[in-house]
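As structure tokens, here come the structures.
In the two complexes below, chain A is the common chain; its partner is chain B in one and chain C in the other.
This part shows the complex of A and B:
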């Protein structure tokens, strides 16, 4: 159909290009995790020492599990907040629905760094958040709870990633045929029963996508922890990043990166399994 | 079937709180661009444009903006071209080719930017290419390729094969078929994916941070500016970006609505 694309050279060109652009870089990354470093030189004999070192380092493993916990918490909170918001938007019609959806999606286009910066400016010890909480009588003195630590990372990521939870849930809610709920109502099901036995189970693919999306985006980010995490809010991403900067141990950093990729692949597989609509195909 | 009135109020409340959480910090920061703000509290109502004047004189910032626009333009053109070729290849061949190409194309997109960035960083070092704007652009292509590919494949599949086969049966060459039949039909999806690719490239921070040499793109520059503290100049940047984003979104909405109206009026 298209110029030259049925000729044998086409396949060669396609795979050659994709190989150089994507496949070989990822393979180099895998290979690097099996190298070691002696002084400033990378020793290219294969070894699993990096993984052994990572697994036996209690501080590093502490950061690893804390990061997983943090990101699981972020995924859970964004989905728990995103679900009702998606339900609210799904129930609206016309202009109001369009406007609200735009309001939720618009911040995605705004510079990521600047959004985190905007949060920074209200978080500090003397920041607006503390003042509001004091004004409301919730706390008496400026609290350090959200001052540049993992709690701040949690808060910022939970808000910034919320649209990524809302969108897939909204999509799955829209796919539910209205006739199902109407039939259930005709059969005298209460609103709560309809939600429990129709809406919620049928929106499971959306929930699974929301959970996995937000988890993966949170765990792959090192800008937010770097900007609002302060000196002690270390996450796994920050540790990896530091191996390629100050610590300058690329093989070790690559091994940690492989570990992170493993977690992500696991989460994706889990999401795929959880996303099946009970008693039916995925679609 | 809509939720009950009380449930509806609860949902509205959660939505409102989320909107406050999203827009509150942005609003406070934008206010700080015009007014003296300390700790989120407006100190005095004396609006000034000093912060904007500071920006206009920041040559490094303006240079980074130019760099970002150039990188975005090149990366977008390269991705859309490459994605078109890949999409033509896979829709033509189908089967195993289609599955393999799709998995490869989506790999850098699905993996977190940090992993993709590190993979490219290690690769460039292995082949002896120094970090520069070239490596940044290649990194952007690797990430945004999936977006363009997906959109073009969907359009090509919708288009079907009959038009193309008819064109070939009528004696058109493959190039003629591509230029006169395929291209006009996929133009919309090319344009839409180009816009999306450019937007993604413009804001790409993580991969860029890993792959850039001495030149800073706009997000990297912003990162450097905002890491240390709150400044009126940084606040002013947010105000400008917000204005540009709102204007661009409004334009996009207007264009898509006009297109819908046109489609509705078409016979």
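This part shows the complex of A and C:
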């Protein structure tokens, strides 16, 4: 930690900001989840009824678990695909590396809504994907496999979140001193052995960050499922959103939000454990 | 040392290395004999690490041949060469225990676990790290990491151990300790060591033979004693220990004695007849500070072949040695450095104002300027 952070003013700014932007809203959320609604008025007497209702609703719980599974799948796929990409970029030098990095990061600066509309036109019944598949003779009629369902949500989120998997892995790969791979080769290790015994274990922090990042971003997203999921692509995020919008039941929505926050905190804790490299610091 | 008819362990012939347009190594010829402790000595940027990396297989030679037991190994990949390296910053695997680090080379070769455990334990005992086997590198001191790196390199019983300035990061006391230790280990396991350093004192302490490098070339190879007493060039004479260098021109040569015209008059100097010095050649007459005697001015003491009168300019007590400087009357700018054991006579000399520096022609050596 840099010495600047220990100065009282800076410390106040950092913790104050964290408190004002994260802790206070979260606490107010927590409080809201314990209220209830009667008619259109929020009743501020404390109750656990919202949580009981959520737990006893089989449809809601079904969406909850399906969403967790979906996001776990997205995290796994983006990380699995992102790792070799990061490895490839880490192995490059000079202009090619810079160019590829720019290409990879470029979609992040585009408007989210624009990207989703692009996907809708690719994935739709009459979209680019279907036309390509039909043109190649793989299918005869437009397939509905990727039209307004969870498959579409999975695909779109996986593509959109890929940079968030690649970047942390790339960072952790770059932190591994090149001398370690040389030392391993000097000791007669093959390229695969070097990867298995040196590169992979030392990039664990990056893998853990990639998994948790993509999972959390996927599970918190309700716009993408709304836009490409259609009526069949219902996710937990959309349920929460509907409680604040359509249903106008803020306390119940807050309770579901607390539930989701619990999942996120659990995932972060898991990531912390997974990302720990034995032996501590690299040096 | 090898018999004359056997190929040396490793041989570099006319090896060069270029990066783009930069030539970092020129036409290097070097043999590494089986069982020796060879030190490559040179200032930073002289190409000594490049030689080590070429032999180790980390980089490919741009020209020339590298041989192992007489067979060319230029294209042999790094993981198939029977050499192991001790890296400058150790390059220990941070996520593995000392035991796993040392056993790594055996494990990747697929040896059975009991054998790995036994050989690892044996080598860890050799480097006195038996009690540290379960620690991680981050939990060790610099000297201990150094020994782990050495253990990791020798456990695979390589034909040649390459050491890339392994002691550079250690403080002075630990360095000296490690030098003695390295030499001991090398004798015990009877393995050839190729050691890179920029520290000439370290080179003298460790080496059976030293190869001196300068600007991408090996300028002289020989036993430390030879390099010290009979340097082949001005560079070696200057680089290798403190020396008095008196510039002059050859006026005549008879056998191995050259007459050199200097600012101090015509002096006699020992030289290598094979160099074929002729009159007018620009040379340096060298004489080591510890070979010079200081005599009181004017006293009828038994002078050696060469005697230079002058004034004592500076003297400094440096522990066991006292360093004195004499400005010759004939050329006061040419300060002659003299080293004496710090005894009563050195103190007496230091107290004098004028004195005579005296040396024997046998202790001088002439090199081309």
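Quick notes on this one:
By our rule, the second predicted complex is superposed on the first by the 253 of 283 C-alpha atoms of A that agree within 3 Å, B and C clash if a C-alpha of one lies under 4 Å from a C-alpha of the other, contacts with A are read in each partner's own complex, and residues count from 1 in each chain.
Here is the rule we use: a residue touches a chain if its C-beta (ideal position, glycine included) is under 8 Å from a C-beta of that chain, and two chains touch if they have at least 3 such contacts.
These numbers come from a predicted model, not from an experiment.
Comparing chain C and chain B on the residues of chain A they touch gives the larger count to B.
Once chain A of one complex is fitted onto chain A of the other, the partner contacts of A:162 are limited to chain B, with no touch recorded for chain C. Using the contact criterion defined above for the overlaid structures, shared-chain residue A:131 touches chain B, although it does not reach chain C. When the shared chain is aligned, chain B comes close enough to touch A:11, but chain C does not.
Contact with both chain B and chain C is seen for A:182 once the two complexes are overlaid on the shared chain. By the touch criterion defined above, A:202 lies against chain C but remains apart from chain B after alignment on the C-alpha atoms of chain A. Once chain A of one complex is fitted onto chain A of the other, the partner contacts of A:193 are limited to chain C, with no touch recorded for chain B. For the contact definition in use here, the residues of chain A common to its chain B contact set and its chain C contact set are 182, 184-185. Contact residues of chain A toward chain B in the complex are 1-6, 10-11, 14, 17-18, 21-26, 28-29, 32, 81, 84-85, 87-89, 91, 100, 102-104, 106-107, 109-122, 124, 126-129, 131, 159, 162, 178, 181-182, 184-185, 191, 194-195, 216-217, 219-223, 226-227, 237, 240-241, 244, 250, 253-254, 257, 260-261, 264, 268. Within the complex formed with chain C, the residues of chain A that make contact are 177, 179-180, 182-190, 193, 197-198, 201-202, 277-283. The residues of chain C lying in touch with chain A in their complex are 56-58, 78-80, 83-85, 87, 89, 91-97, 104-105, 108-109, 136-138, 152, 156. Against chain A, in their complex, chain B makes its touches with residues 1-4, 7-8, 10-12, 14-15, 18-19, 21-26, 28-29, 32, 38-41, 82, 85-86, 88-89, 92-93, 97, 101, 104-105, 107-108, 110-115, 118-123, 125-126, 138, 141-142, 145, 161, 164-165, 168, 174-175, 177-178, 182, 199, 203, 205-206, 210, 219, 222-223, 226-227, 230, 234-235, 237-238, 241-242, 245-246, 248-249, 253.
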